[in-house]
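Encoded as structure tokens, the structure appears first; notes follow it.
Letters A, B, C and D name the chains as they come in the text, with residue numbers starting at 1 for each one.
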Amino acid sequence: MALLQNILWAAFLLVVVLGFVTYAIYFERKVIGWIQLRKGPNRVGPLGLFQTVADVLKLLIKEDTIPNKADRFLFILAPVITFVPAFVVLATIPYTADWQFADLNVGLLYYFALSSISTIGILLGGWASNNKYSLLGGMRSAAQMISYEVPLVMSVVGVILLSGSLSLNTIVEGQAGGFWNWNFLPQIVGFIIFIIAAVSELNRTPFDLPEAESELVAGYHVEYSGFRFAFFMLAEYVYVYAIAALTTILFLGGWHSPLPFLDFIPGIIWFILKFSSIVFFLFWIRATLPRIRVDHLMSLGWKVLLPLALVNIFVTTIIIEIFK
Amino acid sequence: MLENFIDFLSNGENLLFIIFSMLVIVGAVFLINLQRVVHMVIALATTFISLAGLYVMLDAEFLAFVQVLIYAGAMTILMIFGIMMTKHEKQNEEPKRALHNVLLLVGSIGFFIILYLAIQDAVFPIQEFTSNEENTKMIGIELFTWHVIPFELVSVLLTVAFIGAIIVAKREED
Amino acid sequence: MSDQKHVTEMDPKEAKKEIEENEVVEIVEPSPNQAKLDRLVDLVKSNIAEDAVEEAYINELDRDLPSIVIRSPYWLKTAMMLKESETLKLNYLRNVSGIDYETYFEVVYYLLSMSTDNQQDICIKIKADREDPSIPSVTSVWNTANWNEREIYDLLGIQFPGHPNLKRIMMPEDWEGHPLRKDYEPIDPEV
Amino acid sequence: MIRTEELLLNVGPQHPSTHGVFRIIVKLDGEVITEATPVIGYLHRGTEKLAENLTYTQVIPYTDRMDYVSAMTNNYVLCHAVETLMDLEIPERAEFLRLIVMELQRIASHLVWWGTYLLDIGAMSPFLYAFREREMIINMFNELCGARLTYFYMRVGGVKWDAPEGWIDKVRDFIPYMRDKLDEYEQLVSGNEIFLARVKGVGKYDAQTAIDYGLSGANLRSTGVKFDLRKNQPYSIYDRFEFDVPVQTEGDCYARYLVRFEEIKQSLRILEQAVEQFPEDGKIMAKVPRVIRPPEGEVYTRIESPRGEIGCHIVSKKKPQPYRLKFRRPSFVNLQILPKLLVGETMTNLVTILGGIDIVLGEVDG
């Protein structure tokens, strides 16, 4: 019975995530449209609400092409390797105190570990396509992921030190009682590093080098079409979901209200609000910033973010020791 | 005999164990037999990730996810090197050497026999194992109290290797 | 005005006309650029060779542009001299055109000095045979000439010995003929 | 010794950042370019050959299609060449109309460059902002001559259409509007750290190299050479207006960016004065014979197009058709420096440098 329930919940989560992806894409196009003085999608359905549905439908019925000289097996495998971890990482995210699928005591580590597998998929896709642009895109993605995974993990060590646990639930519990208890204040350096590294891990502007349209055409997925391309696309947006949720949990107090007297509003509302503002932030910078250059990206990761993250850990440790 | 086997498999945990260990072995075998570097790396990844699965089954989640975290990155690097430094076009077959193969076969059979006998004769002290809920914390405490000297030594060693690698790479640049 | 006609290759009838027109020119007061042209001719004659300058005139239709015709064997040396010369410093090659005059080819170089204040254009022409046309390349003097000479080679078929990479630039490698020649006949009339 | 495999990458002829059908074969060592060979000619339409069988007026629409981002200046250079040959006096009103459309065209062209350049660098919004302003200019042109891109507006001796009622006022209103928008652009882009990091010090060359390669326009002025044909060898009525020639000394992509940006402002200055001095009425065509037969001779005229010096070399044999018509296409000449700039740069900088040169392939291939 418990197994059935779990499967039902998982199915529910899948629907929620797919719904999110559908409307995140719609929302992104609308937001960027507004920023660029356009209307955005407005033809399919009322206010263009079914635009993404139509797009996905188009992708599904599109001819599935595999290049002749591609490595057929890996070409098919790559989108799966990219997509599966994206979905699996969602399992440990607590939306409220009760809504969580698995309270793993190493939840945070679980997230980082599995999300790093996706890069293998991207690199594989780039290599298996047997296209030089996609190979370059895949290589860039790998280099970028290696360089930014380190500061990303380092930046949350401060949070772990503060809460004394790797469990996401415990981390949120530690931030109860108003926004001054949220981690982004004591861990402001870590928060900034985390945001930068997270955007980079998402391969989104200004760090969208693996698919840099103007130089690499479409990067690693240049040869993919139809359903397989949809998988890469889906993985990207599921990671947007995951990163937004994770930021909310680690730094913005999860489901806690910013002021104690606002506690009567259910936690899930707060969670969604915080989560949405981060998603909006991601879209906003996409419409605003140019793309960073590959060598700048590397030196930013290794020479700025990593040392900063280490200093942040050091300072946090000392402060915790003093005020213990 | 067969009944035992079915019994063994009807337990979910055992089934998982079989699947994971099969994957570990299959990955390792493919790693040796495949021709192209990228395929080999994928085989290796299968091995390591299945190994992480085994760790999870042993309630060592921390170890499992660190394993995935570290090796996923390592695998990617390996793949990059593989792509950058090998020629894709040429696939020159190594000449088969019959004597060599026979010797190899004998050697591995001998090794298997030794291992088999050793495991057969070994006595494992049965001991009550309690899985600690906070095993991450326990690892930390162990590492920084009882094993602090080896831990520091290893980190010094890694730093030395790291700097050495940089120097080697630098010299080639000049 | 036909001051750029070439007396040597004219039939008597046209030569007569030429003389008549020259008389008209003489009545008009000399161009302000005449002195400049004389100096240029002197410079070339004294530094390169007495017979380097085939012809020199003022192109009155084009704002009194000083124009000289250099004999092709002296061209590369002249080009170097013009660029290095302290007084001229013609270091900017603005345009190179190739013209098919049916009996001969002509390549026209428009030069300018960017280093001196005196930014006067100078036009230099080199003639080439109709059969087996060839003019020394000046890519080594002005890099601008590189693609321009390639284009002229491609479209007119003039060889530029000394050019680093004289290949077709506009037309495909296997194109037959040189389209800007007056007698060019496309192989496939549909194209 | 660790050796990595060299990668031969064929960029183009169909590639989002080559601005048309331009192809460049690059040898990559990792992300670093070790050799670059440009291949052009995919858009070669043989304008010069076609012109030999057309009357001068019939050639004008072909010039529209050469540099299709800046058709007005192309129109002008041909008309100007024929007029020089014929020693024609152009009516005042026609000269003003020509100057106004050319300066508007310069702004429109620089806006296209600005938007697409930032798109190359990865910022998507400026593109749409720039095209909004360009659209206003194009609408004005549309009102003037009924076309949005290939105008065929100028004729030998003047312009084809007079400005409709209220057109000059539209130009007048456009000037402060554009100034306002330029400030906005500056706030959005010119100070952006990522943008600066992308363009500063990239694609650097000195004045000597620029002159040696015959560069013109912003590519030349970014190295400190103050050479603008509108000032140095004035044509049309440019000598009547007050404006500066923007110059930078760095010679990198950022300097080129600043020069072009400043040029928009200077064009606005010229427009401001031109609109004030615009003659109330008058003819827009000089007295030109129905069939134009310029006297026998040769002429080379050059004007400052948004991309640099566009020249027209005509050899006339007193026929209605030119004996030889050659265009000095600034993009074609400017592009030559590309292989030299690319060696040792990364793949990302390829796009930045190529965009910084500002080429239009219709013009490169002629």
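Convention: contacts are C-beta pairs under 8 Å (C-beta built on N, C-alpha and C of every residue); 3 or more make two chains touch, one makes a residue touch a chain.
Here the structure is a predicted model, which means the values were calculated and not measured.
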{"item": "Contacts common to chain C and chain D (chain labels)", "value": "none"}
{"item": "Centroid comparison with chain A (C-alpha atoms), farthest chain", "value": "C"}
{"item": "Separation of chain A from chain B, taking each centre as the mean of its C-alpha atoms, in whole Å", "value": "29"}
{"item": "Gap in Å, rounded to a whole number, between the CA centres of chain C and chain B", "value": "75"}
{"item": "Centroid spacing, where centroids are CA-atom means, of chain B and chain D in whole angstrom", "value": "62"}
{"item": "Computed distance of Cα centres, chain D from chain A, in Å", "value": "43"}
{"item": "Residue list for chain A, restricted to those that touch at least two other chains", "value": "135"}
{"item": "Chain D contact footprint on chain C (complex, rising order)", "value": "1-2, 4, 59, 61-63, 65, 91-95, 97-100, 108, 110, 114-115, 119, 121, 123, 142-144, 146-148, 151, 155, 168-172, 179-180"}
{"item": "Partner chain B, residues of chain A touching it in the complex", "value": "71, 74, 77, 104-106, 109-110, 112-114, 116-117, 119-120, 123-124, 127-128, 135, 139, 142-143, 145-146, 149, 153, 166"}
{"item": "Of chain A, residues touching chain D in the complex", "value": "32, 35-38, 132-133, 135-136, 140, 205-206, 208-209, 212-217, 286-296"}
{"item": "Chain A contact footprint on chain B (complex, rising order)", "value": "36, 38-39, 42, 45, 49, 52, 61-62, 64-69, 72-73, 75-77, 79-80, 83-84, 133-136"}
{"item": "Interfacial residue positions of chain D with respect to chain A in the complex", "value": "7-10, 15-17, 28, 31, 118-125, 128-129, 132, 188-189, 192, 194-195, 197-198, 346-351"}
